[in-house]
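Following this line, the structures themselves.
One chain, subunit A, appears in both complexes that follow, with subunit B as partner in the first and subunit C in the second.
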Partner chain A sequence: MTSYVSILYLLIFLPAVLLVYNVLPKKYRPVILLLASYAFFWSISRKLLVFLLVSTVSIHHIGLWLTAVQNERNDVLAQTERSGKKAVKARYIRKQRWIVFFAACVHVGTLLVLKYSGFFGRNINALLTTAGVGLSVPILKLAMPIGISFYTMQAMSYVFDVYRETTKADKNLGRLALYMAFFPTIMEGPICRYSDDAEQLWEGRRSTLENLTFGAERILYGVFKKIIIADRLNIMIKILYSGYADYDGGMMAVAAIAYTCQLYMEFSGTMDVVIGSAELFGVVLPENFRHPFFSKSISEFWTRWHITLGTWFRDYVFYPLSMSKPLKKLTSKARKKIGNHFGPLIAGTMALFVVWLFNGLWHGAGWHYIFFGMYHLVLIVAANFVEPFTREFLEKIHIRREEGPYRIFRMIRTALLVCIGELFFRAEGLRAGLCMFKKMVTQFTLRSFTDGTIFSLGMDKLDFIVAALAVIFVFAVSVVSERGTDVRKVLSTKRRIIRWAVCYGLILCCIIFGAYGMNYTPVDPIYAGF
Partner chain B sequence: MKEQIIEILEDIQPEADYETCKTLIDDHILSSLDVLSLVAELEDEFDVTIPTVEVIPSNFNSVDAIAAMVERLQEEG
Partner chain C sequence: MNKKMKNIIGCISFMAGLLIIFAVLSVIFVPKDNSRAAGMEAVQANGILGEKENTIDYIILGDSETHSAFTPMQIWKDYGYTGYVCGTNAQHLYESEKFLRQALKHQSPKYVILETNAIYRYSSIENAIMAKAETYFPLFRYHDRWKTLKFRDFGGSVQYTYTNYSKGYRFEDRIDGVKNREYMKPTEKVKNITKINRHYVNNIINLCKENNIELILLSTPSISNWTYAKHNGIQKLADQNVLTYIDLNLQQDQLGIDWETDTRDKGDHLNYSGAVKVTGWLGAYFQQRGDLTDHRQDAEYQSWDKDLKRYEKKVSGK
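Entry: the complex of A and B
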């Protein structure tokens, strides 16, 4: 079971768990979900399940430890005079920070060792060789448990929230275990906070007809996006990215756009399957996408694409850094000298640098991922820097930035910038990414579109037509949703024959036009690799 | 206090209805950099220190929430 869009998951595992879940009495339902989640994890990572178990026990203990310190602080505060309260608070904050630091060492440390030791080892060895030192560090090949990048972030968010006292530490180890391991989210997120789903999961509510209908529809839509569009584009993308030297700049532009399209359809499609799966059990998960290609700026794009990752970095890295004492002082001084807009930009840029470095590295251990992060940092900081000038200029020439053609221009500009970023993201190394980008800019021709090259990349005319029509369909649904219409709710008000026609239509499309079977190799989920 | 806060907010980001909006952070009406400006302004204007643990979406989602946080911090001294 290596994908949420596999026959084994969709037609056997998920229905079986759903059936047992609903047949059993309420008190056993969370237990079934937990056992199913561990079985799911075991089916992919076998004995590496022990990492997840250790993480769960660890945050359970750390949460209770933080609460004990907070309770002790409250007792001491109750017996302290007003003048001494500040000192008491500071003392206990220091104590709690050490506990959070310990948690970070355990959880982030494990992730660092398993995911990045090879990358850092190779780079250290390259440095030692360049410096002429005859030493090298051993490169360890370590197996990674599935979803470690995701569940580590969930674990740390729980610890941070208990430290901030926005979440109470959970005494119930089972509830915490289910929050960490819930099978639909374990492989690719969304990265949930404890307050998002832990209580709902443990409630064991029976699935209602609405849960089942809405959940199944959402799953179907996700499968449609993934197997008709994302998996179909996979062959062409593989050829273009591995053999980029043989193609011209026009094909590099196709590579950038096609991969962006594949990544969106694959990841948002998988999120539809994940959120739909949870919905079957009556559990509402946070959304991870909000029509990102309607964004008018890169900053806005990242509030609509992989939302839970962005908010995680915002809440647990950006704010704590930019609000730290030294950066706050810097902001305060800078505001007095260079004004309210540019003042906070200096400290903000420093914090954003760390956020985008982490964001790049989170996606993988490679320089092209770091470049991907830095690329977005530069775009966001540049946009913030020119913002007052842009606003003034547009007012002078009487253009309303939120309306009409200028708004569309901003959306297209953002989409193109995103495609360039994704070109580096998918490239097989930073050097390959830079070569591809250079080709796209300096050797751009349309020759490959007319001499038949475009149809020699594993996709024939029919494949392009099917993919294009499917993209238009998804785009149309996105336009309707963006305008505030809940498509599934509207569908539920229609006559039964229309509802079934839509569902059967989608199922038939997936069966007839899905990229599976003899001519296609199964495509591994992209984000599960992060 | 609320009027002062609205004035500060309008100076930072003029394109929002601060009287009614309850999702300033959740709906990304205020960007992360806007929050930095806001915190600096609030600290100057109301003579409080806003610690990092207070910089969470629920404290900045509406003018009421911001005012409540500032009042609480003033009381705590």
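Entry: the complex of A and C
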């Protein structure tokens, strides 16, 4: 199984697991899900399954260890006089922090070694060469288990939550194992918290007709997005990004927009399949997308795009950093000197810098990913700094930010800024990204649209028409959902003939207009590579 | 009727309706001729569909090694035996089986030659499932024809009219040689054949048995593809199934293959000069077996002479 949008997954694996799951008695259902999850992992990463198993056992033990320390603290506190309680608490916090640090060393350390050792090694060697030192660091080529970036974050969120005592450590190793390995989420997320799905998964609820219908519809919609739009655009995107030197600035703009579209349709489509798959088993997973292209600012965009990654960084990096003693001190000092708006921004920016550095690096070991993170940091920080001036200016000229054309202008502006960021994200290296951007700005021309170049990139006119119509369809569904209507619920109230016609229509669109089969190269899932 | 039963009937009806739609659309989307203009894939290999009924003596299946190494027109010219290369680039065994099944609807050859490189090609379960689905519902194979559908596709019957004058052989006279070396070093090692490929080989074996066809396993010379371990694997397969296996990589001296001049890509595929040598051997082999008829004087086969003229013009570059 190479992707969630594959025949083997959708037509064989998923229905088989669903059938066995529902046929067996309740107590065996979680076991089936766990075995299926390990089988799924094994089918992709084989022996590297051992990494997942070690991670699971490790967080199980660490969770219990933290709880033991917390219980011990509570016992000691109960026997300590009021005046000594603070010191006891501090002692036990230090102890727990060491445990969390140990957990981070094991889990994040493994991720760092497997994912980033090549990148850091190459950069260290480049530095050593520049410095004229005749030494070099050996570059290791290490195999990475599938989904390590995702399950490591789940593991760490569990450890942090137990440390913060917002989640109780789970004694049940099986439940924790299923939380870590649940097959729909293992490859591309969403990055779940223990409180999101662990209990639901272990409950083993029988699938209801509503689960099956809604889940299947959601999967179908995801397949539609991926194989009609994302995979169709892939040929053109590959040509433009690998051969950017041969094309003009207009084509670079096409490359930026097309890749943003592909990435959104691919990732959100896969999330539809993932969330729909879980829904078949009666499990509700957190959403990872909420119509991001309706965002009016970059900050808002990141609350709508890859939501579970954003909230992870917010909860486990941004908040702890900005609430740390040194940054709090800095904020209070800055408030006094430069006021209530700009004062907190300095500490906030420092915390955001770390968040965006990690965010960039999380996506991959490359300078262009770091640049991608820094690009968003600059946009967010700049928007924060100019906020009072913008507000004042708009009030003066009587423009209401949240309404009418200005709202649409903000959405388009945000979308364009996102497209530029994605250009760097997809480019084959930072230098290529900068060249493409420079071309887009300095050599912008529409010549490629009129001389037929646009239709020589693996997509003819009809391909563009199909992709455009499919995008319009997705946009229309998004508009309806954004207004608070649950499309599937509305559909379920219609007569059977209408429901069936809609489903048949979507299935046939996927089969006829899908970019699969003899004229297409299968497209690997983009986010599984992160 | 209780609600549960109603739901089950609803699901079954939905699936049945879907299958009916697939079947109807398959009729529309399937190419109505075997020409490129009609939307047919692999037209050279599928040219066999346009050949007159029961006129083909032997069929060659396999990957690009086949359409590089065997030129049926040469055998026609020298011996009067008719053959067709149903080989395509990177052919998987499920495709080989499909080509054979299609061909056997109109032809009754005496020999089927399966070039063995395809037996070691990785076939995913996913592709095999897709290939099966395409057999039942050609819509999955030809869905991309929505761009070129014509009025005729909605009602017309399928009629194959295209024939290929070189009978599946792809002429290539480019030379990109490699130094001659001994690459078939004897070993006891046996390269395993995957279960999925073994399944499809068995299907081809059974298909040949059912139609009284002799299946021959044949390895064409390829300095960069073939090894003795692969030879041992195929020999084992042939022994288990009582099949003839000929490895031309072990007969290079008799064939006179010179890797400095007989390959177009450093020893992966043969070029025309290499194909002439291998085909010369195959023609002699058929003659030696003595159960094929020389059709050169048969009026039914006149079209082959016309094709030969075109072929000779092509290979002579005039």
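The criterion applied here is as follows: the second predicted complex is superposed on the first by the 530 of 530 C-alpha atoms of A that agree within 3 Å, B and C clash if a C-alpha of one lies under 4 Å from a C-alpha of the other, contacts with A are read in each partner's own complex, and residues count from 1 in each chain.
The definition used in the following text is that a contact is a pair of C-beta atoms (placed from the backbone, for glycine too) under 8 Å apart; a residue touches a chain by one contact, two chains touch by 3 or more.
Being a predicted model, the structure only gives us computed values, none of them experimental.
Enquirer: Once the two structures are overlaid on subunit A, check if subunit B and subunit C clash or fit side by side.
Expert: Taken together on subunit A, subunit C would fit alongside subunit B, as the superposition shows.
Enquirer: Now for A:A382: first (subunit B), second (subunit C), both, or neither, which partner does it touch?
Expert: neither
Enquirer: Counting residues of subunit A in contact, which comes out ahead: subunit B or subunit C?
Expert: If we count touched residues of subunit A for both partners, the winner is B.
Enquirer: Once the shared chain is lined up, is A:Y319 touching subunit B (first), subunit C (second), both, or neither of them?
Expert: Touch status of A:Y319: first partner only.
Enquirer: For A:S332, select first, second, both or neither according to whether it touches subunit B, subunit C, the two together, or no partner.
Expert: first
Enquirer: Kindly classify A:N340 by the partners it touches after superposition: subunit B alone (first), subunit C alone (second), both, or neither?
Expert: first
Enquirer: Roughly what angle, nearest 10 degrees, sits at the C-alpha centre of subunit A between those of subunit B and subunit C?
Expert: It works out to roughly 170 degrees.
Enquirer: Can you give the closest approach of subunit B to subunit C, taken over C-alpha atoms and in whole Å, for the superposition?
Expert: 38
Enquirer: With the touch criterion stated at the top, can you tell me which subunit A residues are shared between the subunit B interface and the subunit C interface?
Expert: none
Enquirer: Which positions of subunit B touch subunit A when the two form their complex?
Expert: So the residues of subunit B touching subunit A come out as 11-12, 15, 28, 31-33, 35-37, 39-41, 43-44, 50-53, 55-58, 76-77.
Enquirer: Enumerate the contact residues on subunit A facing subunit C in the complex.
Expert: Those in contact with subunit C are residues 2, 6-8, 11-12, 209, 460, 462, 496, 500, 503-504, 507-508, 511-514, 517-519.
Enquirer: Spell out the part of subunit A that touches subunit B in their complex, as residue ranges.
Expert: Against subunit B, subunit A makes touches at 82, 85-86, 163-166, 299-300, 303, 314-315, 318-320, 322-324, 328, 331-332, 335, 340-341, 343-345, 347-348, 352, 384, 402.
Enquirer: So in the complex, which bits of subunit C are touching subunit A?
Expert: 7, 10, 14, 17-18, 21-22, 25, 41, 125-126, 129-130, 133, 139-141, 143-144, 146-147
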